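Look for chain A in each of the two complexes below; its partner is chain B in the first and chain C in the second.
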Partner chain A sequence: MTQSQTQKSRIRLFVEEFRSIQRETWLGMGLILPGVIMVSLIVLYPTVRGIWMSFFEKSLLFPQQATWIGLEHYRELLSDSIFHQALWNSILLTSVAVTLEYLLGLGLAIVLKRKVPGIQLFRSVTMVSWVLPVIVMVTIFNFMIQPQFGVVNIILDNLGLPTRFWFGDPDLAMPIVIFMHVWRNAPFFAIALMASMMSIPNDLYEAASMDGATPLQQFRHVTLPNIAYTSMIMVVLHVIYTFNNFDIIFLSTGGGPLNKTEVLATYVYKTAFVQNMLGYGAAIGVTMLLIMLVFTAVYVKLEDTG
Partner chain B sequence: MSVVQRFDGWLDNDVSWREAIVVYLVLGLYYTVLLFPVIYLITSTFKTDAVLFAEKLMLLPPANEFTISNYIDVFTRDEFRDYFVNSTIIATATTVVTLVVATLGAYGLSRFEFPGHQYMIVGFISSQMLPRVLILIPFFTVMFTIGLVDTYLGIVFAHSVVTVPFAIWLLKGYFDDIPESLDDAAKMDGCTDIGVLVRVILPLSAPGMSVAGFYTFVGSWNDYLFVSMLSQSQGTRTLPFGLALFQSANAVDWGAVLTAAVITMLPVIILFALVQKYIVAGLAGGGMKGI
Partner chain C sequence: MTSERQKLSRRRFVEATSAATIFGLAGCTGDGSSDGGDGGGDGGDGGGDGGNGTSTSGGSSTTVTHWSGFFDNPNAGEWRDWYVQEASDQYNVEVETSAFSYADMRQKYLTGAKTGTPDIIEGVLSHVNEYAVAGLIEPIGDWAESLDYYDDFLQGGINSVTWNDQLWALPMKGNGRTFFYRTDVFEEMGWEDGPAEGAEEFLEQMSTITNSKDGMHGYHNTTKKGQVRAFQEWISHVYKHEDSVFELNNGEWSVTPSAETFGEIFEWFYAKPYLETDAANPDARNGDWRANDIGYLQGNYACVPCGPWLLGMQEEAQDPETAGNNIEQTATATISHTPNASDPKGTYLETEANMINANSENPEAAREALGIHASPESVKMIGEKDPSYLQPPPFGSVESSIEREDRMEIKTAFENGKGLAFISWGQPRTALYESIQQVIYDEKDPYTAGEDLHAEFQDIASNLEA
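Let's look at the complex of A and B:
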């Protein structure tokens, strides 16, 4: 084989390689394209429009008219007391609910991991509360806390405690909303954490107990570090889910009584679609988005370094 | 052999019977709180009004107060039959659309290199972070412009967009676990790229497909927010939206409201029972390492 022939076949190989890379690129992009188009049209574009809209005075009643007002809506937010209340309620609900979900889920995961007879049955029914439609969950709880014939009040009455309509009580509405969140989501934490715990190799525990680690120390130094990644994903996902959640509160208390359970999501909905103030509603929505961005960035960063 | 010893034989080596008792106690307490509301809902639908509104705790109705009249009542209402049909069509169509789009996307991300490929999955997942209520304001205008308000297609489209990113993430995790040497072997035998997907990857990721299909179906079936925006008439109303309206209109007819709630949750419970073993396996395996 002469020098030039080798050269030629090298070039041909290179061209073929290049063509196949190009083909791979186009095919890969083509495959993902339908998903990208759908998400862009229904999620990305409306979000950008929503951010843009927050700088305008715009009413649902006259959708063609819009007046540029810059940051005026954001300045209004500073003195809007319902906004302050909703912001506080969102933060309170999210932090309390997700903390309880995590702790309960962790405890349940430790128990569900044990191989006792019948455990498979418990594992399989665990997530039942998580798959229920929100409206069904709200209907059940609403029925159970009705005055007189609601089962919760019947039990309270039998114990000699005062009975009341929980959703209508300013002091109890928020606790029952938190309870519904925890009831619904703690099982998901339990199953995810249990799955993560079961994938920890047994030798790690054996080595630790050889070194004289107590069960508590094993949990601290073997279990916790190994479930850290799953924990982070679950906490971030649920903080976002809970903070943005609309239907649990909208369908149960509607934000009342006296705005005691008003959260940012329900306040955006009311401002935009009940009071017809699209621009102002969008500004509240943008605030939610910013808070979630900051939260996720900080949390992932902390998790990376810690 | 004593009872304790016999019980010991049942247990795994690393669990003592004392531990087992603690485990059962905790489980008993937790599952009472978890399952009581669901069981109480179901049993209440078989109670006559006299028992339903009795100010006395009764989990099961007494034999002479057992009735199925609530079910007859709800099933003879035309609107609920419509809602059931609408929900079934919308959730099924959403599942098909999502699985097709997400399978192609996950295959593209799992097997092909292209510019921006590594940011794609993060981008998809981040799109889930955006507040739905913020999207909703311009979303309605978009749907109105392309004529999809109050149509099956519009609702299916909206639901699919919500479920596609998660399904891509989930399926990519499953596809990544399939060795690429299998792809190469199939290509040697003359399979095209799409042939590899259909003949090699899909059969091997049946559990992943069923889990993705389950999440999608449930997400679509359970949705309230998008349906409440897009559905303007009975022709497109789904069970959850119908149930919410029914409840606010019939605040006193608890028998019918609870029965409608049972009918609304039944399909997702049945599906859940069918796929739950894959869900647990999926969370332990592919599902969580997609990023």
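Let's look at the complex of A and C:
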């Protein structure tokens, strides 16, 4: 067979393969098309619209009037001190809260995994904080720390310790917000990690034990690698959730005192829906989107490499 | 072969199904895009009916939607049913009611009013202003004046929803801000006349109470960032100096009070109470309205700025019995004023009012329904369930539920109350919250905060459209 004949045969094969794929896959494409259209409408359109809006001066009161200003909003963000503080607070809240949630969740998962009497009840009770609506949780916390009639302050007072409205203390407001996040989400980490741990075959632990691995080494070399993917998903989801979280802060501190708890999510809301500056709010939203995209890409890449 | 045919047939079936789905989706999208056209047609019909005023004459009823913050209140059922029934009986108008919180309603309305839904919306004063500025509600003056009870409205309520010589809403409920104070505490201190009118003497009273009564501070006000209540309390002080914060003159907006006035208010009602005297509890800064109101009912404060709803909050307190006793011991007084105040009785008047959507497809039917909803009969009926509607009522002929002599200031405050300029208040409020927090946390001295706030307000005013 000459070289040109081989070439022709290859091209024919490729064309046939291509036609075959076309024949076989157009139906599949047709089937996923509605889904693609729906996702485009529900996810892509608002996202693209939000990005587009960030290039315009636009008021919520007159949404039909928009003035193209290009990157002006992004330039303004560079000199907006509240934005800087909100960005820092968002990063601080997210990193500290998710780290604590993961560590506490991991510890709790190890406890919940134990087969001891009453563990089923304990597992159910653990989830209470996670299933409680945010508004209920914040209201309870709010009442608990009221200066004179809150139970926390009553206990502190009885112990001779200083009492105050903790959400009103510039140094303590953010730690309390972080505490609320951890209190709420650590059990969810625990349940997810526990489920992941339960799926690890016992053989692995037995083999490790026979090789003389200590419990700590078993945890390090058997448990942790096997829960890595669940951990990754949980961390990514909770970083996104915490970074975008609006309700806990808005209901508890309103972003105060002195902007110490102002985060990007509350700042977007106030800018767009209180001050009616839709374009500026969209620019902050786009910044949040970019930060989260970069984080997710880097984290997933690092996990893959690991 | 048969198998091949069957396979083909299954495939064709799936193909047909997917094609149908795609066309179905396309159909949805098509409807969406042509909605304006269809809607326009419907709107034309509705408008035609409305224009002819024939919503009562046709055989079929006209449906209007009405959003209010109160329709889902457990006390509101009978009254809501009466309203719906009356609209149906009198005008053949079917009213569909929905309840949302005010913040939720505002957001929904600003983004969706152009669809024509709801036809009637309730809001507080700042919402009336915003919707009017945005062209989302229609002026109703000519129609309202034809109502047989129009002249019965108290002028203060009507003034608050009037702008550019146009009436934009019908008030249903209103309250002027006053001090609510504990008569037993004040009497114990020997101050039978209640809180002093001058700020200096008032703060001395408050400090004395803090130092004399265990577990009680004299004064408290709302300082939480982002709380509208904080703005309302602050503007009550401003209204003792000026009739407005923003004023439209010769087609340009300007800031009426001086920077000095702002500084003075910050000094006497924010810096001194929290930082320089014992009048208020510095550990209660950034407290929200609930901390203020419930704190008062629990006996933590002797005097707070508030509205008449406070008297109906007994069950919301942790200890309703204590709250009930404290309500019994509560009287009202005019809010104290700074040394340079020119109108010591001035205060903020909050109004809850109902408006007609400018994009309503059935404006005539909406007006007919609103005429029933905002009538003295309606206010009387809801007032029986919720006395705050009658403290005082917006009508001269409806009897007020304020009976005690020492609470008459509520009525006076309604008469002396001042509304808001018809602008969007979001930006001024945001600037104010920053200033209040900087003052109470001693980050800025009151007069510098006053100057900065004044400069920010001027900047906002320069960007307002006439």
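Criterion: the second predicted complex is superposed on the first by the 263 of 306 C-alpha atoms of A that agree within 3 Å, B and C clash if a C-alpha of one lies under 4 Å from a C-alpha of the other, contacts with A are read in each partner's own complex, and residues count from 1 in each chain.
Convention: contacts are C-beta pairs under 8 Å (C-beta built on N, C-alpha and C of every residue); 3 or more make two chains touch, one makes a residue touch a chain.
Treat the numbers as computed from the prediction; the structure is a model and nothing was measured.
Chemist: Is this a clash or a fit when chain B and chain C both end up on chain A?
Modeler: After superposition on chain A, which the two structures share, chain B runs into chain C.
Chemist: Just to be sure I read the superposition right, which of the two partners does A:111 touch: chain B = first, chain C = second, or both, or neither?
Modeler: Touch status of A:111: first partner only.
Chemist: Touch check for A:53: first (chain B), second (chain C), both, or neither?
Modeler: First partner only.
Chemist: Just checking: does A:159 make contact with chain B only, chain C only, both, or neither of them? Give me first, second, both or neither.
Modeler: Touch status of A:159: no partner.
Chemist: Considering only touches as defined above, state whether A:78 meets chain B (first), chain C (second), both or neither.
Modeler: Neither: A:78 stays clear of chain B and chain C.
Chemist: May I ask you to decide whether A:210 touches chain B, chain C, both, or neither, giving the answer as first, second, both or neither?
Modeler: neither
Chemist: Of chain B and chain C, which one touches more of chain A's residues?
Modeler: Answer, by number of touched residues of chain A: B.
Chemist: Between chain B (first) and chain C (second), which, if any, makes contact with A:167: first, second, both or neither?
Modeler: second
Chemist: Between chain B (first) and chain C (second), which does A:253 come into contact with in this model arrangement: first, second, both, or neither?
Modeler: second
Chemist: Check the residue A:274 against both partner chains and state whether it touches chain B (first), chain C (second), both, or neither.
Modeler: The answer is second: A:274 touches chain C but not chain B.
Chemist: So the two structures are superposed on chain A. Out of 74-82, 110-118, 182-190 or 200-208, which stretch of chain B collides with chain C?
Modeler: Stretch clashing with the third chain: 74-82.
Chemist: Can you list the residues of chain A that touch chain B in one structure and chain C in the other?
Modeler: Chain A residues touching both partners: 27, 30-31, 34, 38, 41, 63, 142-143, 148-149.
Chemist: Touching residues of chain A toward chain C in the complex: what are they?
Modeler: Touch list, chain A to chain C: 27, 30-31, 33-34, 37-38, 41, 59-63, 142-143, 146-149, 163-165, 167-170, 173, 250, 253-259, 270, 273-276.
Chemist: Would you pull the chain B residues touching chain A in the complex into a rising list?
Modeler: Per the touch definition, chain B meets chain A at residues 10-12, 14-15, 19-20, 23-24, 26-27, 30-31, 33-35, 37-38, 40-41, 44, 52-57, 101-102, 104-105, 107-109, 111-115, 117, 120, 124, 127-139, 141-142, 157-158, 160-161, 164-165, 168, 193, 218, 221-222, 224-225, 239-240, 243-244, 247, 254, 257-258, 261, 264-265, 268-269, 271-273, 276-277, 279-281, 283-284, 288, 291.
Chemist: Chain A touches which residues of chain C in the complex?
Modeler: Going by the criterion above, the answer is residues 11, 14-15, 18-19, 21-22, 25, 29, 107, 110-111, 130, 133-134, 215, 224-227, 281, 283-288, 290-291, 294-295, 298, 300, 318, 424, 426-427, 429-430, 433-434, 437-438, 441, 443.
Chemist: Looking at the complex, which residues from chain A come into contact with chain B?
Modeler: Touch list, chain A to chain B: 21, 24-32, 34-36, 38-39, 41-47, 49-50, 53, 63, 107-108, 111-112, 114-117, 119, 122-129, 131-137, 139-144, 148-149, 151, 154-155, 157-158, 183, 187, 191-192, 194-196, 198-199, 229-230, 233, 240, 244, 246-247, 251, 264-265, 268-269, 272, 278, 281-282, 285-286, 288-289, 292-293, 296.
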